[in-house]
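There are two complexes below, and they share chain A, which is joined by chain B in the first and by chain C in the second.
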Partner chain A sequence: MKPYLSFFKMSLLRNLQYRIAALAGIATQFFFGFIFIMIFKGFYSYSSITPDISFKALVQTVWLQQSFLFFIMLWLRDNEIFHMITTGQIAYEMVRPTHMYFYWSAKLLGQRLAGGVLRFLPILFIACFLPEPYNLVLPDSFTTLILFLTTLVLGLILIITLTMIIYISVFYTLSPTGSFLLFRVLGEFLGGATIPIPLMPDTLKTITYLLPFRYSGDLPFRIYAGHIHHEEAVISIFVQIFWILLLGVSGNYWMKHALKKIVVQGG
Partner chain B sequence: MIKVNHINKTFKVAKRKAGVLSSIKSLFFQKFTKVQALQDISFSIKEGEIVGYIGPNGAGKSTTIKIMSGILTPDSGTCKILDKTPWLERIEHVKNIGVVFGQRSQLWWDVPVVDSFELIKDIYRITDAHYEETLNLLTDSLNLHDILKTPVRQLSLGQRIRCEIAASLLHNPKILFLDEPTIGLDAVSKIAVRNFIKAINEKRKTTVILTTHDMSDIEALATRIILIGKGQLLYDGNLEHLKEKYITHKKIIVDHYEYQSKIDLPYTEVLKTTPDRTILSVNIKEIKVSSIIQQLSGLMEIHDITVEDPPVEEIIVDLYREYEI
Partner chain C sequence: MKLYLKYLKIHFMSQMEYRTAFILLTIGQFFVPFLIFVSMVLLFKKFDHLMGWTLPEVALIYGIIHISFSVSEGLARGFDSFSNLVRTGDFDRLLVRPRSTVIQVLGSKFEFTRLGRFFQSLVVLTYALLHINIHWTFLKILYLMLIVLSGITVFIGIFILGAALSFWTVDGLEIVNIFTDGGREMAQYPLGIYSKFIKRFFTFVIPFGLVNFYPILFLLEKSDKSLYAISPFFALIFIMPCLLIWQYGVTHYTSTGS
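After this line comes the complex of A and B, so read on.
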């Protein structure tokens, strides 16, 4: 376990160096947060039907989404890993007595956590002091908070097992652009990052529930907002674990296969 | 310690002609050619040996190193290193080896060197005491004192290579693979690296396998050389033996007082002549050097004389020519 902890630590420390990027990121996240809220405000004011989720709850999910962007976004990519694969630098990774799958996962976890830690507190803090109803409020109970935190952490792990699949696909395609674009567009839409899932038509909603994407962002945020009840939240935790296991095991297997066929040429 | 038996490896290489048209064509009909990178390679290496693995560009040197370090899987053949098959028992195997790929880096580029070392310490689960001891030895002999706290991205190539070598040795491996370790180094660093390799080989009985194009590396370090070309093993043996077999001529440089007449000695060719210096090439298979010197001193008044072996480079060029590689 120790080597992976160290990988994680190294990745965390390295990514914490980028403070200016984080500051710029915070500003961007606020910009997007306000844009989303304004769109929803317009939608809620002029719609004749009553949506499934209240405006206040939706605002909660928007702020949480912006603060924990680094925990949930599929598009966050680690160019070092791509570089390793496409240039053959991976040769050095393979002479280490570590499981490459866990090593990379630890690296990705460090990157996301560092990015997240640098951003989430300031955003949450400022969002709390915005005028009603645009502000962030505390969850309705302590249980809600615990469920939120549990699903958030599991969601982060889930995102890593998901992105690992993309990284492994680069062994075959040698270009991250295609895999990433496809995953990003589909994953974000089906994860409710473009249109909130409660506002989707029923068929689409069912589809998103059958896929893993919504279990990283949508689930914990709506638990926090009180839109997902505790019973459903507990069941969803099991769904999260199911996806983590499924994606983890298949990613591991696929990686083993890819490493067997790997060709490191030149030098 | 290392046993390589009948290893074969082929690579599939996509080929197309230059130009837009042929690149469009290759979208639909991609042509592959098979390149035989290694063909029936066998050798064995004992503990404590330093082996120079040489061959022209593209001969398969790095491929062999990569197979031995568990990165590539060969098409056929077996390889046992300390009773483990590298590509099947990768994780167990790599604990015993240290690898330096001269043209790649294993250090994390945006943190100080020592941070990378600490991470390697954790990866290999090196105890604190062992780590301290090895690190001190490495910093002293590779002269790393001033650069340990510098971020890797700000190191010069020579400094970085010295750190790379140190990084590969922190876990005290039994076998060290060096793939062009002196590439791009200045004379001082080269000698530091060589001395260090020699030292750990003597002190710790580390087995060293190095590939290089710099024959002075081989001369300074290796007692045994393995020559491959076009994926085939061509020569495996002693460097001295190779010299004996392939050195047919020696060069004699004579500094003398003014001498204008023509020099005509048996089995000797005059390479260059000026009134006070003459350079000769002697066929030592036919005549002894001492006899030539004796005859020379009868002809002229000599004040200095040097006898040179041809550089190993030339022997290697001859070898490549002989094997048509």
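After this line comes the complex of A and C, so read on.
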């Protein structure tokens, strides 16, 4: 366990260096947050239809999505790992007495955590003091908050196991572009990042519930907003654990398989 | 111009060397924004209209801004990644050549994969034109082309502006993305739905409103203000101050020396 903890710490500390980049990121996130909220406001305020998620709840999910972007986005990539695979440096990695799957996971976790930590507090803090109806409010109960935090952390782990699958696929394709793009296109849409899942038509909604993508962002954010009830939240935690185990075990197995077959070109 | 075409040919040939990657990227460039449009369609399915705007009307606004963006991003990619030239000191080489810096930076990169995004916007635009209730005349089609042209100019202007800033900051400024990517995301919906501050900012400072919202208001006869009709011409002027700042930056350029 110890070596993985230090891999994680190294990655975390290194990525915490990018503070100025984070500042620019915060500004961008605010801009996008406002734009999304205004578009939804336009749709909500002049329509006779009442969708099953309130405008206020939607605003909560928008701000949470912007603050925890680093926890949920699929397109965050670690070029170092790709570089290792495509240049053959992987050979050095293989002789290390550590398990590569967990080593990479720890690295990815550190990267995401650092990016997230640098951004989420300022965004959440400022979003709380915005004028109505743009502001973020505290969750309605302590239980909600606990459920939100649990699902958020599990969602982060889920995203790591998901992205690990993409990294492993690079062993076969040798070019990260294709697999990343495919995942990004499907994952973002089916995870509710381009259109909130409650606003989707029913069939599409059912599909998103059957796939792992929505369990990283959509689930915790809507729990916070009070749109997902406590009973459903508890069931969803088990679904999250199921996906983590499934993706983790198959990723591990696949990686072993890939490493057995790997051919490192000299040089 | 002949030089620029030559640059284009070389870039095209070099990008064609990695054919699979090229095709995959182009397809991706099609689908990433296309799903944003799908989201828009789904939202309209749920709500019927957006403050009086119908889906084909908003699709027209969306199509115009995305065509402008894809063309200008393909063309002005060199400016987008210009900070690399400054940081490595490679800009020195451009300065000693007897050609204008603008042409050389424009020609330093060309992203053909943006064709994917371009086709995506063409699909959306065609959809809009087929479903919109408008009597087309030759003049109106010409006007539509002018709108797209003005949009391209504004985006290129912003790319140049962002690049010019790196003369002083050396490193690229992430914040410029708010105006390129952010501007595109914002301007794919009618500017009228946003708050006063956003509306004013994107009318008078960064003129995204002038390249789709106001002229479309005129084209769809939602408003009869003649000022709206000539707004694309104001947008065309936007590139002038950008070029001036660029020139000023070039004269104040100090090489990093590496």
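Everything below uses one rule, namely that the second predicted complex is superposed on the first by the 267 of 267 C-alpha atoms of A that agree within 3 Å, B and C clash if a C-alpha of one lies under 4 Å from a C-alpha of the other, contacts with A are read in each partner's own complex, and residues count from 1 in each chain.
The criterion applied here is as follows: a residue touches a chain if its C-beta (ideal position, glycine included) is under 8 Å from a C-beta of that chain, and two chains touch if they have at least 3 such contacts.
Worth saying up front: this structure is predicted, and the values here are computed from it rather than measured.
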Room on chain A for both chain B and chain C (clash or fit): fit
Touching partner for A:184 - first (chain B), second (chain C), both, neither: second
Which superposed partner A:24 touches (first chain B, second chain C, both, neither): second
Which superposed partner A:230 touches (first chain B, second chain C, both, neither): neither
Partner chain(s) touched by A:49 [first = chain B, second = chain C, both, neither]: second
Winner by number of chain A residues touched, once chain B and chain C are compared: C
Chain A as apex of chain B and chain C, Cα-centre angle in degrees (nearest 10): 90
Partner chain(s) touched by A:89 [first = chain B, second = chain C, both, neither]: first
Lowest C-alpha to C-alpha distance for chain C against chain B (Å): 8
Shared chain A contacts, counted only where both chain B and chain C touch the same residue: none
Chain A partner contacts - residues on chain C that touch it in the complex: 20-21, 24-25, 27-28, 31-32, 35-36, 38-39, 42-43, 45-52, 173-175, 177-178, 182, 185-186, 189, 193-195, 198
Sites on chain A touched by chain C in the complex: 21, 24-25, 27-28, 31-32, 34-35, 38-39, 41-47, 49, 51, 175, 177-178, 181-182, 184-185, 188-189, 194-195, 199-201, 204
Parts of chain B lying in touch with chain A, wherever the complex brings them together: 11, 62, 66, 69-73, 87, 90-92, 94-95, 97, 99, 101-106, 108, 110-111, 115, 118-119, 122-125, 179-180
Chain A residues touching chain B - in the complex, by the definition given at the top: 2-3, 5-7, 10, 13-14, 17, 88-89, 91-92, 94-99, 260-267
